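A, B, C and D are the chain letters, set down in written order, and residue numbers restart from 1 in every chain.
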Amino acid sequence: MDLIVTLQCQDQSGIVHAMTTAILECGGNIIENQQFTDPSTNIFVMRTRFETTQSQEVVSEKLNSGLGRFNPNLSIRLATQKKRVLVLVTKESHCLRDLLYLQELGELPIEIPAVVSNHPDLKELVANHGIKFIDQSGKEKSAAELEISNLITDLNIDLVVLARYMQILTPEFCANLSGRLINIHHSFLPGFKGAKPYHQAHDRGVKIIGATSHFVTQDLDEGPIIDQDVAHVTHNSTPEDLIATGRDIERRVLSRSVKDFAEDRIFIVGNKTVVFHN
Amino acid sequence: MDLIVTLQCQDQSGIVHAMTTAILECGGNIIENQQFTDPSTNIFVMRTRFETTQSQEVVSEKLNSGLGRFNPNLSIRLATQKKRVLVLVTKESHCLRDLLYLQELGELPIEIPAVVSNHPDLKELVANHGIKFIDQSGKEKSAAELEISNLITDLNIDLVVLARYMQILTPEFCANLSGRLINIHHSFLPGFKGAKPYHQAHDRGVKIIGATSHFVTQDLDEGPIIDQDVAHVTHNSTPEDLIATGRDIERRVLSRSVKDFAEDRIFIVGNKTVVFHN
Amino acid sequence: MDLIVTLQCQDQSGIVHAMTTAILECGGNIIENQQFTDPSTNIFVMRTRFETTQSQEVVSEKLNSGLGRFNPNLSIRLATQKKRVLVLVTKESHCLRDLLYLQELGELPIEIPAVVSNHPDLKELVANHGIKFIDQSGKEKSAAELEISNLITDLNIDLVVLARYMQILTPEFCANLSGRLINIHHSFLPGFKGAKPYHQAHDRGVKIIGATSHFVTQDLDEGPIIDQDVAHVTHNSTPEDLIATGRDIERRVLSRSVKDFAEDRIFIVGNKTVVFHN
Amino acid sequence: MDLIVTLQCQDQSGIVHAMTTAILECGGNIIENQQFTDPSTNIFVMRTRFETTQSQEVVSEKLNSGLGRFNPNLSIRLATQKKRVLVLVTKESHCLRDLLYLQELGELPIEIPAVVSNHPDLKELVANHGIKFIDQSGKEKSAAELEISNLITDLNIDLVVLARYMQILTPEFCANLSGRLINIHHSFLPGFKGAKPYHQAHDRGVKIIGATSHFVTQDLDEGPIIDQDVAHVTHNSTPEDLIATGRDIERRVLSRSVKDFAEDRIFIVGNKTVVFHN
């Protein structure tokens, strides 16, 4: 049995020792082990993957009893257990397509039980993959958010992904999904605020454009950054060229972040993330 | 004789034909030829390098008579003629060092007759390269700017480079040097405004940092962008790591921009640049 | 009417002038213009995009009469006319998928009338896009190549793309398609020869992997390189991780090359390419 | 006291636990902790940085007694203790310059007590930094290697860096310095074999060039790769342009590798390296 344990708590002496003691008591063999202490908050995070022949219940008991005194935020799960992801889209398909493709290929250890959209455009694409498409065209925001919240509960969703979802969600909705709601921002953050960032980038004559994935908080586009990437552009690039280049960056950054989330590699510490990349 | 011609004017029919006709009349053999029309301003720019056995006077006459009706901003110069560069520094040496090194190596076709600083720290470094060091420590801004302006005239300076020069220049000074004053900004633009951008980047938890070279206009950090570059960073990176990584990006971006300027590859069109990279 | 002219010939004095004269006589307005002389072969290449109200016949006549004395390889075509592409695949879909997606999105100015495969696996994917799938499973090489050759003629194919096609084509077949046959090589060239390059890369402990697109000649993997890209990897990367990372590089490099070909940006000069990137 | 412990041994159950137990017994507070098991050799490597108020002797005793049964290759040293580096050069200065600069800046935690060269060219540069320059011009290889070996002993050298050293060292010399001899190879490995790789790259028309740092073994250019980097080039790039671009890649890759070595981040496992990047 291959288990992934993640832990987050105030840094104190003895945490790593307590973790490794508990794992040893389960006859565990550590495969991956990463840790970090954030100097500004003194918060400690740790991710350990190990093999054991003990049952998950026994492991859970040992870890909880060995680590309980640190008051940790502790998660233990089977490495093979896939995260369940709800994807929200509007009209643009590039990010959704990449997620669907990589999931089918086995690169992304996730399940996508449903896709929600405020437009009907991507219905056929989603249907072709045998996935439920929930069309919220014309629905009022409060009704739409209520339906999404119910889906999250009913479908046992671990992560909600805004894959170029062009609706602003209410602060309450975002707060309820804190740490489980990822957005792909079509700009390098900090960057151009507001609409049409690629047109703004073109007007400003930038020589590099980028995209940023981040957790969504109540402050729009201000949540903890997960990943970023960029591409060089030139004076020859039209706004349309920037948009096309941007699409390729967006989908790569978002898919990478969903993979990191699905493998329990991302921790939120204050307004930042710790990402234990492979 | 190897000549570089640059031309900038409103786009009209027949410019390229007129240019190539004039060059043909000089018995010229075109080696490089690049052009661009900016769609938003309809401004046309062109850079042509060609070999000829005619004198520079004859070439100048032919080009001016052939192209005069387009009212161009026209420059003709020997490719071997080096641009004269005045470098302004404060305490940090990494950008200056790179310029000095690449210049001595022959990579940068420039001459540096003097370095100006508002601190004495880099005096020895500059002296070791046999270059005049003008120490403006304690000088008032108006006197300092006047001295720099006189140096620009006396030393026949083509370009002033702010190589981590930590003084704010007056709008008048910047306006007088329009198109001949390059700064390296220690951030990816658009980015963090104000002081200590690497600390701001660290606080925001960005996963990429960058640097931007740009022409200086009266609006601080808002002049036409010439070049940008970035590097990936992680949660492990301290502000000091970001500064160290930033130094390496800054010097590369600035040196590249000085090289492009020295080879007449940069055009200012509106608030943007056209850069005909090699 | 928006026309793209490409020209290739021995470098001589007056070519650019003759071209611009002919374009001026057609009332043409040059939008893009790029040229290069290869120093080792003295071959000159040029790509010019211009607008004109004249008919394509008139333009063709003017250009041929104006440029004929240089004995050029001259092509004139409507910028809106799409290149017709035949894609050859085996089992892996990532490159094909990207081509289909970008073509449908309008980013890639091509038509794909058919996809040929030596395996049935991708039949459904191709059919879903309304494209003819030619299954050559079990077919002998000579019969398969003959069928492909006939398709190229019948479907008026401009370019054949080997999108992870795992068959070795005969030298004759490759020779017949000289300059119209592009392959994506799943390695940085020069690199690991032979099979399983990602496993070789893993065994060698490389810290960067790459992919290379190139024209296919009779010497396997030795044809003119069109484009290359890379990604950083670490000791943590398993061969499977390298393959996954490689897939993303491969599809981007191949799609970019097909786009450059479709826009007449690629010239073969000796055993190298000149690519006038946008 | 800030200590760095590195450990390498066959992977077994309980190593991490034993390490953290020993550190806890020293009252240590772990700051960094990284580990990796190489699947093909089953070799386990670990790097731990921790603070303690105990003396280095006490720590050493605790760690050796706690970990001794795993038969590890164990190193314990003060994080502030600088590695002593001997640099070997020929005529080209770019790599040496970067090392000297970054060392003086405090970015590179090393001391450079001497520079050895088989040419006198860089004598003044080295002297300007107050460092001993050993000119081996005209010396026979055996005498030169003997002198270097004596220097390594006398100066208490931890690492020998070939910073564009254009001499082939004998297999015996390399074997004696196994794991302590780093070279910068002016090509992306696997790549062009033999002399003038940038000219070969130019002839082949590659679109990317690179550099590789590696440990030197008896097989020239075949030792474990430490780091690699690349830059994009075009058909416009002359061999001289490639060399200039290459210089910038070489110095960055080499300096990064020396930094990683100086911080005990590099492990040799079989013919590969594990590098725990910051």
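The definition used in the following text is that a residue touches a chain if its C-beta (ideal position, glycine included) is under 8 Å from a C-beta of that chain, and two chains touch if they have at least 3 such contacts.
This is a predicted model, so every value here is computed, not measured.
Common neighbours of chain C and chain D under the contact definition above: A, B.
Farthest from chain A in terms of Cα centroid separation is B. Between the CA-based centres of chain A and chain B the separation comes to 41 Å, rounded to the whole angstrom. Each chain gets one centre point, the mean of its Cα atoms, and the points for chain B and chain C are 36 Å apart.
Touching two or more other chains at once are residues 234, 236 of chain C. In the complex of the two chains, the chain B residues touching chain C come out as 13-14, 16-17, 20-21, 23-24, 27-31, 33-35, 37.
By the touch criterion given at the top, residues 36, 38-39, 188-192, 203-208, 210, 224-230, 234-236, 238, 269, 271-275, 277 of chain A touch chain B in their complex.
Of all residues in chain A, only 94, 97, 101, 105, 107, 128, 234, 236-237, 241, 244, 248, 252, 278 touch chain C in the complex they form.
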